[in-house]
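Below are structures written as structure tokens.
Below, chain A partners chain B and then partners chain C, in two separate complexes.
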Partner chain A sequence: MISGYIIGLIVVFAGVALTFSAFLKERDDVHKLILADLTEIAGLAIIALTATDLAEALIIPGLVVGISELLAVSEIYLTREKLFFQPEKLFTIEVMDSAPGIMGAVLVIFGIILSGFTGGAVAATGMIFYFLCKGHKERFSLVETVSAYAWVLWIAAFFTFMLAPSYWFFGVMMAGGAILAKVVAKMSLIGAMRGESNA
Partner chain B sequence: MASAGVAGEPFFALPFGDIVNYFTPYTAVLFGFALLFTLICILSRPEQQLDVVFGTDAYYAKGVTGKELRFRRFMSIACGCATMAAMVSGDVFNFTLFVSMVGVCIIGIVAAVKSRHVLDAAYNYGIIAIVATIPLFGGAAITLATTGTLSIWELSAMASGMPLIAKMLIIVGVMGEGIAPFYAAKAELFRAPGAPYVIMIHVSSLLMFLRVVEILLTV
Partner chain C sequence: MTPELILGLLLLIVGIAAGAYPRTRDYLDRLINVEIAATGLMLVLLSFNETISLLTFVAVTALATAVLIRVIERRSGI
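Right, the complex of A and B next:
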């Protein structure tokens, strides 16, 4: 009898084959980039199929490397096509005038309650939505600094686990809070930094 | 390690649980190369390319200066660090991660170059590097699922070792990150000016190739 793992692998590799066939037909560079990102997700799915705690721990670095590759290649695309300036006509719909305050607040508060990596992603979505709707004139170097200090706290929490395991609860709280701040700060910069002088 | 394998007897090992980072004569030499080239990137000044205008005495000087110089030096040092880590990593997944990170840094080294030709090559290389992460991570994940460990040290002691399909996936992944036949995309990147930084692209590929051979023969 074929195990679930093998069936999962077959399904994922079928998905990969499908994406590759799309690659053969696609000529537009941006679409190629999006397809490459899709295949990246298939790679993460193969790791996820292992279905152990270790696999979960491997997905985040895999995801981070994948995203950084995607960002690097998009940066190459922007430089090549000389897309340095803010587009003149921005996307607007009515909900973007009325909702950003309340939506942003709800998502940020819910994110803080969730805490950790997931909470960070939820809260950051709220912040991205707010920046997208309301524009941004914030001091991004300050946000970057907060992110860096949060990272340091996160590492300190790991040292607490290793050097003083009896203080594990303190370590968990510190890591949960710090990763929340870090993910929020980093993600809220997405699409907001366009090479300004304060960026 | 149970058998010395192709790499010789390990003379230093740094265990983190079952993940053992080790220096054998082979990996130590590779690490030394990566360190040497990183130091060259830190210390040396970039080359200046000169283009002679055909049929005249005039020439263009294409220097690397200011912000671009700092950014490219930073990316090549990061590339050197990722290569060094890949050389000594005792964990299959960490190795694949560092190999992908070398790919990111290589894109970074040429990202600030203004030449459209180089940017085209970098874009195509980047797409291949992203796609190559599937076989890389896939190989590591299948190894974990079938053997229960990612440690090269433990895998080399096992009778069954890494499954053949995982080995094949990893070699395909490393190929995509910059060894032949996909090296063609990368070779075009060398047209960018700024020699020690651009040479890092080549050195990292060579070292990755040598290391993946060692890993696949050991496990």
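Right, the complex of A and C next:
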């Protein structure tokens, strides 16, 4: 009997082969960037088919590396092509005028409830959406300071695990809150980079 | 095999085919085709009860779309 796992593996490996064949033919750099995103999805599907806690433990670091790689490569591309100018026509749809306040608030509150890296990414999505739609006038040095203190808290949480293991729950809460603040602070800069001429 | 897994694998392969060989070579069209494959992966994650991965993937896909839209915007002005 053929299990779902085997069928899934066959389908996903066919997809991976398709993606890489498209990669070989592609010449345009932005298309390659989008294909890299597609390759990441196909690769994560292989891990997801493992269907255990191991899959969860492997997918989350994969996502972190994926988003940072995408950010870095897109920055390198913009620098190499010297695309520093402010685009004359920004992408706008109607929902960007009506929704940002409520959407941003709901996502940030849900992110704080989730905590940890997942919560950080959810809350950052809300903040990016708000900044993209409404523009920004916040002070970046303040965001950087929050991020640095969050980093210190995270390290302190790990010292709590090692030096006072009986306070493990305090350590978990501290690490979860700190990584939330760190991810939100770093990721929300993406939304602020949109309109800047020197970003 | 659960219905979510079957539908997810179907959407995944369709989305990958559409993303790898799109009919029109427009950046935004291709990005939307990639989202089909992402939806397929979300259904696969759902069928195996991988909650944290699912939530993180949803959030990270939204972030990646923001990053890619920024590049496309500067490249072509939409």
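In this section, the second predicted complex is superposed on the first by the 145 of 199 C-alpha atoms of A that agree within 3 Å, B and C clash if a C-alpha of one lies under 4 Å from a C-alpha of the other, contacts with A are read in each partner's own complex, and residues count from 1 in each chain.
Definition applied: a contact is a pair of C-beta atoms (placed from the backbone, for glycine too) under 8 Å apart; a residue touches a chain by one contact, two chains touch by 3 or more.
Please read all numbers here as calculations on a predicted model, not as lab measurements.
Student: Look at A:Ala22 in the shared chain and tell me whether it touches chain B only, chain C only, both, or neither; answer first, second, both or neither.
Tutor: Only chain C; A:Ala22 stays clear of chain B.
Student: In the superposed model, does chain B or chain C contact more residues of chain A?
Tutor: Counted on chain A, the partner with more touching residues turns out to be C.
Student: Between chain B (first) and chain C (second), which, if any, makes contact with A:Gly43: first, second, both or neither?
Tutor: Once the two structures are laid over each other on A, A:Gly43 reaches chain B alone.
Student: Should A:Leu33 be classified as contacting the first partner (chain B), the second (chain C), both, or neither?
Tutor: A:Leu33 contacts both chain B and chain C.
Student: Does the superposition put A:Leu70 against chain B (first), chain C (second), both, or neither?
Tutor: In the superposed model, A:Leu70 contacts both chain B and chain C.
Student: Contact-wise, after the overlay, does A:Ala55 reach chain B, chain C, both or neither (first, second, both, neither)?
Tutor: It touches chain B and chain C both.
Student: One more residue to check, A:Thr118. First (chain B), second (chain C), both or neither?
Tutor: It touches chain C, and chain B stays clear.
Student: Mind working out whether A:Leu142 is in touch with chain B, chain C, both or neither, as first, second, both or neither?
Tutor: In the superposition, A:Leu142 touches no partner, neither chain B nor chain C.
Student: Once chain A of both complexes is superposed, is A:Leu83 in touch with chain B (first), chain C (second), both, or neither?
Tutor: A:Leu83 sits against chain C, while chain B stays out of touch.
Student: For chain A, which residues lie in the overlap of the chain B contacts and the chain C contacts?
Tutor: 33, 37, 42, 44, 49, 55, 66, 70, 77
Student: Across the complex, what residues on chain A touch chain B?
Tutor: Chain A reaches chain B through residues 5, 9, 16, 23, 29, 32-33, 36-37, 39-40, 42-44, 46-47, 49-50, 52, 54-55, 58, 61-62, 65-66, 68-70, 72-73, 75-77, 79-80.
Student: Flag every residue of chain B that touches chain A in the complex, lowest number first.
Tutor: Interface residues on chain B, with respect to chain A: 93, 97, 100-101, 103-104, 107-108, 111-112, 114, 116, 119-120, 122-123, 126-127, 129-131, 133-134, 136-138, 140-142, 144-145, 150.
Student: What part of chain C is in contact with chain A in the complex they form?
Tutor: Those in contact with chain A are residues 1-2, 5, 9, 12-13, 15-17, 19-21, 25, 27, 30-31, 34, 37-38, 40-41, 44-45, 48, 50, 52-53, 55-60, 62-64, 66-75, 77-78.
Student: Under the definition above, what is the set of chain A residues touching chain C in their complex?
Tutor: Residue positions touching the partner: 4, 7-8, 11-12, 14-15, 18-19, 21-22, 30-31, 33-35, 37-38, 41-42, 44-45, 48-49, 51, 55-56, 59-60, 63-64, 66-67, 70-71, 74, 77-78, 81, 83, 85, 87-91, 111, 114, 117-118, 121-122, 124-125, 128-129, 132, 187, 190-191, 193-194.
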